[in-house]
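This is the structure, below, for whatever I ask next.
Each chain gets a letter, A, B, C and D, in the order it is written, and its residues are counted from 1.
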Amino acid sequence: MPLFKGVVPPVVTPLNERFEVDYVSFSRVIDHLLDAGVHGLFVLGSTSEVVFHDEATRVKIIEHAVEQTGGRVSIFAGVIAPTTECVIEHARNAQAAGVDAVVVTAPFYTRTSQPEIIDHFRYVREALDVPVIAYDIPVCVGTKLERATTVTLAREGAIAGLKDSSGDDGNFRYVLMDMAADPNFFAMTGSEILVDGALGMGAHGVVPGLGNVDPRGYVRLWDLCQAGDIAAARAEQERLCRLFEMVRVSLPRTSTGSAGIGAFKTAMRSLGIIDTNLMPRPQRALNGEEAARIDTILRATGLLE
Amino acid sequence: MPLFKGVVPPVVTPLNERFEVDYVSFSRVIDHLLDAGVHGLFVLGSTSEVVFHDEATRVKIIEHAVEQTGGRVSIFAGVIAPTTECVIEHARNAQAAGVDAVVVTAPFYTRTSQPEIIDHFRYVREALDVPVIAYDIPVCVGTKLERATTVTLAREGAIAGLKDSSGDDGNFRYVLMDMAADPNFFAMTGSEILVDGALGMGAHGVVPGLGNVDPRGYVRLWDLCQAGDIAAARAEQERLCRLFEMVRVSLPRTSTGSAGIGAFKTAMRSLGIIDTNLMPRPQRALNGEEAARIDTILRATGLLE
Amino acid sequence: MPLFKGVVPPVVTPLNERFEVDYVSFSRVIDHLLDAGVHGLFVLGSTSEVVFHDEATRVKIIEHAVEQTGGRVSIFAGVIAPTTECVIEHARNAQAAGVDAVVVTAPFYTRTSQPEIIDHFRYVREALDVPVIAYDIPVCVGTKLERATTVTLAREGAIAGLKDSSGDDGNFRYVLMDMAADPNFFAMTGSEILVDGALGMGAHGVVPGLGNVDPRGYVRLWDLCQAGDIAAARAEQERLCRLFEMVRVSLPRTSTGSAGIGAFKTAMRSLGIIDTNLMPRPQRALNGEEAARIDTILRATGLLE
Amino acid sequence: MPLFKGVVPPVVTPLNERFEVDYVSFSRVIDHLLDAGVHGLFVLGSTSEVVFHDEATRVKIIEHAVEQTGGRVSIFAGVIAPTTECVIEHARNAQAAGVDAVVVTAPFYTRTSQPEIIDHFRYVREALDVPVIAYDIPVCVGTKLERATTVTLAREGAIAGLKDSSGDDGNFRYVLMDMAADPNFFAMTGSEILVDGALGMGAHGVVPGLGNVDPRGYVRLWDLCQAGDIAAARAEQERLCRLFEMVRVSLPRTSTGSAGIGAFKTAMRSLGIIDTNLMPRPQRALNGEEAARIDTILRATGLLE
C-alpha cells in the first residue's frame, strides 16, 4: 500500500503582524483542512514558505502540526536545504519531531548532475529512519528529476514516493508506468488545475496549494475521480481552475511567488481562517484592491456569499 | 575610495578524507594567495562551496581566515542563504567573526521580483554595520540583478559594491557607467577569462576561482592592466584562458559544478597546496585520469615542471 | 460545429534515395491513414519536415494529398514561414491548391510581442478565404501563444481553432474553458502521450506524429474516449506511450528532431509503408542498430510480428 | 589576409508608406555609411529585417546594394533560411547577384545537433563559389554554434569567418585563440557595446546595427583601437553605449525586435537619412513620443543639434 494517497495540501504558514508564525491561525488552518476530509498534510513545503523560516521555527511548526493533527492523518514535512548534509541534519530534526515522511529536493544553488542527485538521495535515505519522498520542483531548484533518476531511486527503495511539481506530465506519466508494478510506490501531482488528468493516468494523490482555500473542493474532486464520475469530476476541476485564477490578481505588481501564496493567504483571510495575508520579507502582500478582486472570485466559485 | 579593488580570489575550502574542512590546508591556501600578492580574500563564496557548510562551520571558516590573514588584506565573506531573515542572521555572525564586508545574493528557491529584491537588500543593509556587496550570480540564484536594481541600491548606499558573475558584460558595463561618478562604488567581475576586457571598461577588480590555482597570474594580469600594457595583459590573460580549460576535463562525467571546483582542487593538490581534491557530498571528485590531464594543462601553462 | 475533430495525423513526407519526395510512398501513407479511420489530415506540419521543402514542392505535396484523399476527409496544411507577408503568399498557394484550412504559427527568427502576434494573425486572416488554425509550438518558434492571445483571436474570428504543441496543458485547459461556449471553436493537442487527459478536458482532437506509425491505435483511443470507457482508453494510451519510446532510440547520436521523425520513418519502413527512412539534409537517419531496436518496440506493442 | 575586417554595418532596409523597400532611401543609407568610412557592408542581416522579405526582393536588395556601392567596399549578404537546401538555393541567387561572401546561420525552426550543423555548413560550402561566413545568433536561431563546431568548420575551410551575435564573449575568445595561427580566418562581433573589448581580444571587426545611425562613431572607435589609444577608445565606446540606450525607448510597448530596429530607423529618419521609420508587418513602429525621446538621445550624444 502506498504510504500516502488522496488530497494532501501543502499547509500555508500564517503570520501575525510582527511577521512571526501565528500558531492560533495555524491551528485553524489544520482543522479547516482536516474537517474537509483531506487525507494527509504536507508542512514546510514551498507553499508553506519553508525557506523563509529558520531551523528552530521549522521544528516548532512541525511539532505544532503534529500535536494539532493528533494522529487524525499522516504528515509529511518538507526538508528544503541546498545540499546533502544540511538536508540530513534538518531531516533528523523533522524525524525527531514526529513526521511520517520527509520530502526532499535535488540540491540547489550548487549545480549537480543526475548521478550526483541519485547519490544525494541515497545518502539522505541512509541517514534516516522515516521514508523519503522526492520533490521535483525545477522552478525552485533549477534541475529536473529525470525519469531515470526517479525510477532508479524508487526501485532501490531510496525513495518511497514522488511529489511532482515539474509541470511535465509526460515525464510524470512514464514514471507512473515504470513503477506501476510496485504497490508501495506513490506519486502525487503538485498541480492545482490538471488533477483529474493526473489521477486518470494513475497518480495516487494531489498536493494542491489551492487546497488551503478550498479543501472540500479537492476532496470532492478526489472522490468523484475514485467513483469514476468523469463528467462531474471535470466540472469540479473547472470550478477549481476558475478559483485558481486568483494567483494572477497581483501580477505583475508582485513576483509570481508572492502572487500565488499571497492570493491563498488573502482568500483564507476573507474566509476567516487566518488573521493576516502577510508573507515573510521581502515578499509583497496583496493590497486592498487585489483582495477585493479575490473576493469576487471567491463569490463566483461559491466560497463566499 | 572603493572598499576593495584588485585581485580577490574566492578561497577554495579544502577537505580531508573524512569530508571535514582541512584547516591546515586552508591555511596553506591563504598563505599561497597572500604570498602571490592578492589584494583581498573572498571566503564562503560559490567556489568555497559555501552552501555545503552548516552555520557553525561557516563561522569557523571565517574565524580561521581572519586569524590566518592577520590583517594583511581585507576579507569579505559570502552570506549565502535563500531569504532575508536567514541572510541577516548569518550576516551578523559573519560580522561578529570579523569580516570587512559581506556578499549577498538575491533570494533563491523562492521567486522574487526586482522591487522585492531591492527591499531584500535594504532590510539586510539596515540590520548590519559592515558594508554589503551585491552578488549577481543567476546561474545559482535563478534571478538576474537588473541594472536598475543594482544602481538604485548603490545610489542609496544600500550596497557598497557589486560582484558580477552573471556573464552579461553589457549590463555590467552600463552599471559601471551609471556609477562612474561615485568614487566609493566598486564592481568586480567574477569571470576568469574576460578580465582584461572588464578592467578595460572600468571594473575595479576580479574575483577569479582560478586565482586559487594561479594567483600570481591574476596579480600579474592586474598589474599589466594598471600599467596600460595591453599587449602583455592580453598574452597573460590568454595563458590563463588555456589554464582555465581544466574546468572541462571531467565533463560530462561530473556536473559543471564539480567539474570547475573539482578541477581547481585537483590542480591545487598537484601543486602541493592542499591534500585532497574532495568536494562535499554528493559532488564527484575528479579521477586519476582526469587529474593527469590537468597536470598536462599545468605543465603547458608553466605551473608545473 | 468545429471544422475539425478527432484524429488528424501530421502526415510524414517520405523521401527517395535522391532526397526527393517519394510520391508513391506518400500515397501509401495517406491510404494507410485513411484506411485506419483517421478524421482528417494535416500536411506540411513540423512532422512533415515542412521547412525543408521549397514552395514549389510544398504546393505539389498539397496537390498530391488533395488528389489522393479524394475528399474522403478534410485536409489542413501547415503554412510555416517566418513572417506575415511570406505566410500570406504561401497560404494563398495552399488555398489555391485546395486545402480546407491553413495552420499558421507566430512569426519566428524575428522577435515579436503578443500584440504583434495578434496583428500577424489578423493580417493573415484578412488575406485569405479559408479558415486559419493557430499553431502553438514554442519549441520551434521560440514564442508561446499566450492564453489571452489565442482567446482574443478566437473570439473575433481571426482563428477557427488551435493546434497546441506547447506542452503547457494548464494553459490549454484555460483556453478550452474560455472558449467552451463557442460551438465552432476547436482545439487539438499535439501530444502523443497525454491524449486521454486532453480529450478529458474537452479537446476536440489530436494531431499525433506517432499516428503515422499506428493510426488505428489513435482512432481506437479516440473512440474509447468518446464512449467514456476510461479504463480501456488509459490502457490504449499507455500502449501508445510505450510505442512512443522509439523517439529516444537514436539520442544523443542525433538531434531531438531527427530522433523523432527519424524513428517514425524507420518504423513506417519496417511496416512496409514507405521505402526509406531518410530525412532531408542535414538530418541524420537512424542506423541499422537503431532500426532493430525500433523493431523490438514495434513487436512489443503489437505492430510487428 | 582576412576577407573582411573593420566596421561592417548590417544595412537597414528602409520602407516607404506602402511597406515596400524605399530604394532611394536605401541608396542614401549606403552612401551615408560609405562616406563615414566603413570597411564593408552586410546586407540582408537580422537588422536588415531579412526574414520579412521574399526571395525576389532579397535579390533586388543585393543588386541595388552592389550597384550603389560600386566596388567601393566589399559586401556580404545574409542568406537566412531555415534549412540546408533553401539556404543553398538562396545563396546561389546572392552569389549570382554579385556579393563577395554569404552569411549563413545554423538551421532553425527544426532542431539540429552540432554534428548536423557541421554537415549543414559543409553542404552549403560545397554548393557555392563565394566564401561562407558562419552567423552565430542563438536569440533568433535557438541554437548556439559551439566552439568546436566553429573551429572544425574553420580549420577545414568550410567557413571563412564568424559573425558572433551570441553574447558569449568567453566562447568567442576561445574561438579567436584556437584560430589565431590562421591568417585568413576572421571573426567579428555583433555587439554594439563591447567592441573595444572584442577588438582587444583579437576580433577582426564589428557588425553593429547601431552603425547605421552613427557609422563615424564606430569607424572612430575602430581607428582608436587600431592605434592603441585605449582611453580614447573607451570614451568613444561609452558615448556609443549611451546612444545605444535608444533600443529600450519603446519597451515594453513593442517587442525587443521592433524596439531595436525601430529605434535605429527612427533615429535615421531624424537624421534625414531615410523617409519613414516603418518596419514590415506586424512589427510596431515607434510613435511620436518615443521618437522625441530618441531625438533627446541623439542630441545628448552629439548627433543632432
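Just so we're on the same page, a contact is a pair of C-beta atoms (placed from the backbone, for glycine too) under 8 Å apart; a residue touches a chain by one contact, two chains touch by 3 or more.
Quick caveat, the model's predicted, so the values are computed rather than measured.
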Degree value of the rotation bringing subunit A onto subunit D, based on Cα positions, nearest 5: 180
Geometric centre distance via CA averages, subunit C-subunit B, whole Å: 49
Centre-to-centre distance between subunit D and subunit C (centres being mean Cα positions), rounded to whole Å: 35
Of all residues in subunit C, the ones touching two or more other chains: none
Touch-based graph of the chains, sorted into line, ring, star, complete or other: ring
Contact pairs between chains, per stated definition: A-B, A-C, B-D, C-D
Subunit A - residues contacting subunit C, complex: 167-170, 173-174, 177, 191, 193-194, 196-198, 200-202, 228, 230, 234, 237-238, 241-242
Residue ranges of subunit B in contact with subunit A within the complex: 46, 49, 51-52, 54, 80, 82-86, 89, 107-113, 115-117, 119-120, 123, 139-142, 252, 254-258, 280-284
